[in-house]
């Protein structure tokens, strides 16, 4: 039995509250168990220098935690004067994941800024950020469509992410809370789209290893969780692909 | 008539939601009109080096805005690698204001960390931060009292802050929203305690000036607003000074 | 009796030596008691990016202390690699104060750089900097007028600043030296123009408060001191407004 | 046919030159095709603060490229004044991978510093760094064993890493050179130990996705490459586990 | 004929004003032609970590220019957030030069901080800084001797520095002003002691070269200038070595 | 007898291996005794802003050491976030030295980037860098000539550098290894061209001095060493000036 009584293949409760902040083009508060992330999407009418003249958009993400999102207060990165390696990894991961489901050529020369700010952390903040950021981004695109800034929704697929791990007591489990995460040596973050295709697999054994068989179980747990997360996205966003047949993601 | 229909001496609606985040010792979400600030108070069992051995506590504050707290996205200070002058001024102001109502010798060699994170901005974020931070700090002290870490509430007085200004059309007004603030040249932030004493007056004419008479009107508006804010604090905190007679703040 | 024998409403001796450094467009050494500040004004023929195309000038200030301006050696900010919060506050204050008395539209698209370098400190360095910087700036404008870079002196009024405070022994006093300043909890810097209008009031009770009555006394002391400082400015600059009647400062 | 004529499951030529630099405790030059990395291992007789008192060792890695390791000159990170996100990710990956095969409690309170400096890059620098760093680290431990600083080799298993990817023309391939890597959207780095267990899987589709079937092929290619790399390691290090039977890596 | 009418072997006028600033242990304003440098010496009762326990003192120097010490305003190094290479070179040179004439073992475990702040520059600021810093340092040691913090003056010799160069029109010249310096390709700074021994020779041909014969002439000019500078030092400091016979500098 | 058995006027063995790295336009590994430096020269088709429009080239150098180039591991400058004063001095020296032998007007508006990366250090790394960088730069120019990017070799002369010093036991010696360098107080780096002209003399007595006679001996030793180094350069580069008579270096 897991600390919060969940089955090994059970996701925590998920809420996605749209229009959380008034200013951004897209904004949600995503709550997964006790993890809460504000995900805001902003549209800027230009691309960074390395993308200019390509008639394509760009998506970039920033991630941060409030100092007291965690049980112990963390030093603010602005006070340290630099962004940690962990933050950079997460920012790069969120950006890559979102870019994989967007037709950048349909965005025009615009940058989508994604801001994921964790206000309360209990494990899984990076995967919650990806899931929440996807919804915030689609909300921003919907608004741009309404304002006729773009002519169609530049989305290829749904997108969601979750974590899985091999726990020394509970074995392979889905959607680790902080208590589980901190006692699990093998830890994997999976990002998938709505066609059951992988976008990112990051599996790591900190001072540990995992076998081919364990890998298979973890991938299967993740798929189950991602199906549920995509249902939660649909509850907010509606069915994005009713009429057109969305094929492979390329 | 002001943009949101308020009278010149009318505060925006104020909500102070206690226990907003689960981890900090004290936490509130303060909402003043459309301005929303998460104020968290953390207690650390040591003081900074310059305070060691004095058998007194210390209070320090950090202030930040989410990038999309504002209509235009701001660059994150952690990305810039440095904290702006504006942020530093606000942090120093919040810290000084709180220290003025706390008996630091009753705190013991502890540091109170105040984190004010603006998630939505519409003017008056620094004064909302002071008011919210005061409540979060008292909640943290109450909890320390329950846990017998301290033997009495080390508070000398209530504390609240508001802004006033001389608007070219509306004249002297209380509690400026962003639209008013950005068109007002004379702008003043006032911090007062529960005995109608001043803790901080910061009045500035950006490319403008103000007369002695205008100053008197502004001070009077501020006092009215601060009385109301202290009532809102009492609704959350109860009457802190019922039995003991709290005298002057020294 | 104050440490240097002054009456409570008595300013220290003031000297303003013009043309102190040969290179700047305007340069003074201001000496107030034992506080000495080199104030240089430079004119650059362009404005910062956020001001471009507005056909107005800009004024910006930098402030620094030599490491041994003080009894204990301070670490140089260039060695620390960052400017402290205190320095930023002072720089912003000096810039705002000067901009309030200049008709920026008469300056053209030029930046006035003010450099205040404290070579010897004994309290009141920020207010001495404002007073000295005003004179250096007017000298620079006079030179620009002689060289026909501008067609009239873009000055709306004289400008001076001083400090006042409530001392536990001497009570309310004018123009605090370091020894007084370090033992005073309520401390106020006042910037006024030549029409007795306020430009900036920064009053702060570090772990203390002040009453409405004390505020009134402090404002009155400050006004007296500022009158004397403006006399010292006139001794260097002459009467800037003899023929034209300078009205309100807006 | 791949650009350099290799079969899809063919590794580039591998050389590991031990004792490349005279000063470090362990030093190799690893050459994989045209990629060359100097891997140095240093032993320091203390651990970082967060590890003190645990009677365990620590392993940390730094990674850098010479500016002209690449066809276009890169700006030196010391000139930029900060380490990029890519470098941080690689450094963290190398450190985690090495720690997974070391019995840290047998190292004592020592830090193993791994420095991977790419002097010539042609794809696969991070996986070459891991493989080379493993050999340098074991050489350093062997020397510590000779000097009786440690009593046995604290190694649980061999360790090697390679890259695999799905190329739009060649399909799934092993050990991508730069030309292949830059035209491949799905790219995966695999770290395994000598018991065919996974230590790290990092698969990413930059603007692309991959199916379960493609994943299976990639994992199989990687296993083949890693077997060959471990043979190259044994040629330098000898058989580390002849007499004792090394079981599972936990 | 040189721009200011000097002969090729003629030094500019030299003034050394002692006790310029009240707070430092030693302070001078050195004026060489139009170059003015405030040199302050501070004594701290401890040495940097790398010197601890050696029962010797340490001397370290910092050098800075006011932004308007020069005809064009320079950006303040504190604003840039870093010290330039030129500044570092000069700081290291001043420190080395001073250390060469001090018996560090007679200083005790103390650090002498030298601050050279150029308030007006017209060429030769680094050599003026060395000469001025020597006087400030000796004044500080004299005061320490009076206060019985040290038992004898820990000085081995006088010390002075000057610049020489080969000018395309004037040929080899002594003590270059800025106008000369900026048109001279071969430029040499010479530091010598009172026994005509070299402490530092820094000769550089920026896009130029110099012959052995030119080198001999330059060294001879420098020696002449340094004799005069040492006379100016003696006018302030008196004869430091009257009674004891100061021998070789080692 | 010196530690490695050399005579006082004997250079260590010198190897210059051309085309060491494949990507740069010019690349050598220079080995002097146990000191090894990779010197790469890159040609960029533009000049820095301060050189634009002058129809001349620019040469700039960067210098770095691998952390374990030395017996003790050094902290990487990219980790420190800043370049040390020593590194800056060396970089500036290398750049100046190379510029002194190049006809910049014949380079066109191009920047030559020199990267000197010390992979193994045993004294004399800065002088080895200059000698190696000269060869790498000429190789890059030869290649540009072959590719008809430039019409003639823009070289005025050969260039080499070595160190000399006065050792307390061995007296004046040539080409100091680390062990000698660390016990020598008077240390001099000499850069000369192929016409026996000086480009740079940097002689410094760290807590010591040197006489005119010692200076003469040191200059003579350096000249001998530089003759040998230029022979080693010719073995790689051939005779650059056979047909045209290269006269003075201007």
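Observations on the model:
Just so it is clear, A, B, C, D, E and F label the chains in written order, and each chain counts residues from 1 on its own.
Everything that follows uses one rule, which is that contacts are C-beta pairs under 8 Å (C-beta built on N, C-alpha and C of every residue); 3 or more make two chains touch, one makes a residue touch a chain.
In this text the structure is predicted, and so the values were computed from the model without any measurement.
The chains that touch both chain B and chain C are none; no such chain exists. With contact taken as defined at the outset, there is no chain that touches chain B as well as chain F.
Here chain C and chain E face each other with the same set of residues for the most part; over half of the interface numbers are shared between them.
Each chain's centre was taken as the mean of its CA atoms, and the one lying most distant from chain A is E. Note on chain placement: the centre of chain C and the centre of chain D lie 61 Å apart, centres being C-alpha means. Averaged C-alpha coordinates give centres for chain B and chain D that are 52 Å from one another. If you average the CA atoms of chain E and of chain F, the two centres end up 29 Å from each other. Contact with two or more other chains is made by residues 81-83 of chain C.
Neighbouring chains touch in a ring; in the direction leading from chain C to chain E, they appear as C, E, F, D, A, B. Considering their complex, residues 82-86, 88-89, 91-92, 96, 99-100, 104, 188, 193, 195-212, 215, 219, 248-250 of chain C touch chain B.
Per the touch definition, chain A reaches chain B in the complex via residues 21-24, 27, 34, 38, 40, 42, 44, 62, 64, 66-71, 73, 76-83, 87, 113, 115, 117, 119-120.
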